[in-house]
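First chain written, first letter: the chains are A, B, C and D, and each begins at residue 1.
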Amino acid sequence: MRLLLDPQLNPATDSGWRRRWFDIIYRHDTPSSRNFDLLLIGLILASVLVIMGDSVPRFHARWSGWLYGLEWIFTVLFTIEYGLRLAVVRRPWRYALSSWGLIDLLSILPTYLSLLIPGSQSLLVVRVLRMLRLFRILKLTQYVEEGGMLVGALWRSRRKIFVFISAVLTVVVIFGALMYVVEGPEHGFTSIPTGMYWAIVTMATVGFGDIAPATPLGRFIASVLILIGYSVIAVPTGIYTAELASSLREASHERGHLDRRGCPQCGLEGHDPEALFCRNCGHHLPTPMG
Amino acid sequence: MRLLLDPQLNPATDSGWRRRWFDIIYRHDTPSSRNFDLLLIGLILASVLVIMGDSVPRFHARWSGWLYGLEWIFTVLFTIEYGLRLAVVRRPWRYALSSWGLIDLLSILPTYLSLLIPGSQSLLVVRVLRMLRLFRILKLTQYVEEGGMLVGALWRSRRKIFVFISAVLTVVVIFGALMYVVEGPEHGFTSIPTGMYWAIVTMATVGFGDIAPATPLGRFIASVLILIGYSVIAVPTGIYTAELASSLREASHERGHLDRRGCPQCGLEGHDPEALFCRNCGHHLPTPMG
Amino acid sequence: MRLLLDPQLNPATDSGWRRRWFDIIYRHDTPSSRNFDLLLIGLILASVLVIMGDSVPRFHARWSGWLYGLEWIFTVLFTIEYGLRLAVVRRPWRYALSSWGLIDLLSILPTYLSLLIPGSQSLLVVRVLRMLRLFRILKLTQYVEEGGMLVGALWRSRRKIFVFISAVLTVVVIFGALMYVVEGPEHGFTSIPTGMYWAIVTMATVGFGDIAPATPLGRFIASVLILIGYSVIAVPTGIYTAELASSLREASHERGHLDRRGCPQCGLEGHDPEALFCRNCGHHLPTPMG
Amino acid sequence: MRLLLDPQLNPATDSGWRRRWFDIIYRHDTPSSRNFDLLLIGLILASVLVIMGDSVPRFHARWSGWLYGLEWIFTVLFTIEYGLRLAVVRRPWRYALSSWGLIDLLSILPTYLSLLIPGSQSLLVVRVLRMLRLFRILKLTQYVEEGGMLVGALWRSRRKIFVFISAVLTVVVIFGALMYVVEGPEHGFTSIPTGMYWAIVTMATVGFGDIAPATPLGRFIASVLILIGYSVIAVPTGIYTAELASSLREASHERGHLDRRGCPQCGLEGHDPEALFCRNCGHHLPTPMG
């Protein structure tokens, strides 16, 4: 969850324009900050669409100039926004070095770099990084309880998932090497890493078919690998579902035991709804809900 | 669920032929309305089969005339049915503008439009829309408790699924652009949108193979994307299963705790509905529900 | 479950060779009947392997005669077994018309039919049907409690699965027709049924790639279909898991409440393990387990 | 679980260098044994990377000599390690014949064998076996409780998974033969085993597309098989999830009911471990665990 949160930020001053802009940029519960968020999301989406459009040969040929201009406009706007973000917080460096600050910087730098290094190839790489900007939209999820619960359950099952992925990768190495030996370069298995790529593609039931076994033995090994994958695909689902179901159960358990009676003698709370006497001092409890 | 229901409809009159037809068309619990429903489903299925058959070159070449005739017969029958539906309700416009009314209209309009606009391409589009008629068959599910429970659990987890799809799309944009840069047009990744199409196909473990990475770096990135997809495929399943299991548990919990009597002597609750004496202190219990 | 069970069978006589053979063939708990079962499974597996081997061109070319001979030996053995099965039960017709009796018949008939109709094509179809013999091995599962629980949970969720499959097929019809219109015959979508085949292959995340969208609009529609499939693949898993978890819970609930105390006064059993007094007559119960 | 554990090993002596090395090699809780484990894992990973690199034509052409040398260095190091493992345990044969001992042997033998049998093909097979060395890294999982729980749930559901795989294989045999008859060699279904390979690839939703149905009937049968696979993919997930959820529930149940005190006055059990007085009658409870 921490990745999706802004660092602990404080406004640079207690009043004045910086305080006002701090509220607009970093808070999300006033009308003006809401409008700012919506405008920002709109601009990010538009700039991503421009980058996408520029990559389509047909559009690039026709509107190359317009797209280039729009790109610079977006970059300037995001630069101003970045400057404002730094100007209105008490500790600018803390923000600049946070994950969100770095993403903000990475989403404007590439356009400026493209002036110094005119190589078209590197330019393209740069455009891609700007897309990470999209992650900022996800900041909204921190307000949606649902999103938090999903990420929470994923986070709590991270060690189980790591053990699972390690086991999968071990199987992948062995089957990748086996297929390299059995099928060989003439059927597309040109090296062990290629065989591992094929094994991952197969075990995860993606199955591109760009590389496929052609010998009877290779097909038999592939079938075994598929059946292994078919049987263990249950594991991540099982881990996650059990974890999520347990969260839901605990949540409903907490709701179900909202007995708010305090003991009149010792003050202890959190009694069983059916309890008649305080479990700590033995004093008679008031009737529930009465 | 609301999408699958007819709007709150009332018969146009309290008696007469319109009342009788209202009962036949809109109710589903009398023998004549049952027969009407079955006939309608049969006609819809037959008309869909005719459209499908007409699209197969072999059948089109041989029975083109027959299929064209059948199509018009079905259209006329459905037009009469549409007219009847409007005639027998108190507020025809309310029905006409409901989702089911619009689907009814869309399933007859295209054939008439094909007379005015003879372009074969547009004609085909029109035929497809008539297939939405099939959804009406699903109206039957509203009576099957099972269907209701399935849709209910899906509906309650809609926000979680939306958050999940957003996260998936973010990953898709980044990996689509990455692959466009790494693999480039010569390996089929002709633009960022094409790369995104590939990323969706790969992450959802479909893997057509029409576009596949060919460079070592591209294959490594593809493997990472596949492992991400393999780990998160658990999420929608986990969401839905936990939600459905919680519905089932609540349903059985409600059945199990229908007895709300407290023991007059020791206060214990949660007695068996058939119990006559308190299981804790042996005191006579009050009569259930009395 | 009923499909996997023999019909309610009784031996033809109470003693003699028919009674002995009835016990050997239809019971599974004596040493001789165990040996018979193992021998039968061995023969079925061997005959299936012979059929498979005969279909491999390399083996067919070399050992065509041997394989043909073996096939006839297996057929004669299974014919004798079929005759015995009919001879030792009280109502032979009842067995002959049961699902297992029909499978037994179908697994020997084709070889005899191949004498009358020498067409090689039809012969092959015949060989395939004999493989249904394999299902008989599954009879063993009826003794494995695990197998019964799996089939039971599948059976109880059959209506939910039917509703789900209907919804999937509706989506398949609409997207199949859409792709036929959008992509057309030049990209492999030669008819609406072909489009439906593609939609099933795509939605179930199989993705052969023999037919794949090539236009931007087609790829966008395919992406939407994949995301729909990705979201609803959770549904059958959710249905089945919730059903199975509920079976397991009920089973452990029953085990957990094995309180075997009978009331000394009225004799009622099935008390709560914590109960001190009979819930029916208020008499003091004996101490549990003491 | 037993597969992942070392056999019950005892040190060869109670003191001296062998005792010290036993602690370093077989224990995992002292600083020096930790360092040994980390060094070993590093060496195994490095040697696997060398084997992989050697299989890539580009690297093989350039650094063939270096890679060959490194391979021998790793083999000598692992041979010394193998000798030490045998020297410091009380019963060397017991270790040598355990699964880990065999894997240790198999991971050094191939390099020596390559001196006697210079055939390049067999050499390659040999290299692959050395990769099983990777499994030893998994020994670490026995300390991670998470890994143990995953394997435990998989182990407890092994019989259900076996029944499921048997049912899947039966369907695979029948559909493989059906497709062989319907599509025939001209569409890639050259034999029944090939058809079975296709059926496994299809049913597990891998879908390479190297073999794909081309006739309408074949496509219909493929669609049926896919829908069967789509419906039953829920089964292994359901089995595993239900089993894992039940483990988690039992674990939390055990934690929650560690208090076995009964109230001396009213007999109520299930008190909070911190409770001093009965929640039902207010009587003083005995001290927990006393």
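Keep this in mind: a contact is a pair of C-beta atoms (placed from the backbone, for glycine too) under 8 Å apart; a residue touches a chain by one contact, two chains touch by 3 or more.
Given the structure is predicted, the values throughout are model-derived calculations rather than measurements.
Visitor: When chain A meets its copy chain D, do both sides use mostly the same residue numbers (more than half shared) or mostly different ones?
Guide: Both copies, chain A as well as chain D, present different residues to each other, with under half of the numbers appearing on both sides.
Visitor: Report which interface contains more C-beta contacts, comparing A-C against A-B.
Guide: If we tally the C-beta pairs in contact for A-C and A-B, the bigger total goes to A-B.
Visitor: Comparing residue numbers, which of B-D, B-C or A-C shares more than half of the contact pairs of C-D?
Guide: B-C
Visitor: Calculate how many whole Å lie between the centre of chain A and the centre of chain C, each centre taken as the average of the chain's C-alpha atoms.
Guide: 41
Visitor: For chain A and chain B, what's the span in angstrom between their mean Cα positions?
Guide: 29
Visitor: Please list all residues of chain C that touch 2 or more other chains.
Guide: Within chain C, residues 193, 196, 205-209, 233, 237-239, 241, 245, 274, 276 contact more than one other chain.
Visitor: Touching chain A in the complex: which residues of chain D?
Guide: Touch residues, chain D against chain A: 48, 51-52, 55-57, 121, 124-125, 127-128, 131-132, 134-135, 137-138, 141, 144, 146-147, 149-150, 153-154, 161, 165, 168, 193-194, 196-197, 200-201, 204-210, 233, 236-241, 243-245, 248, 252, 271-272, 274-284.
Visitor: Using the touch rule from the top, collect the residues of chain C that touch chain A in their complex.
Guide: Spelled out, the residues of chain C in touch with chain A are 205-209, 237, 241.
Visitor: Which residues of chain D touch chain C in their complex?
Guide: For chain D paired with chain C, touching residues are 159-160, 163-164, 166-167, 170, 173-174, 177-178, 180-181, 185, 190-193, 196, 202, 205-209, 212, 214, 216, 219-220, 222-223, 226-227, 229-235, 237-239, 241-243, 245-246, 266-270.
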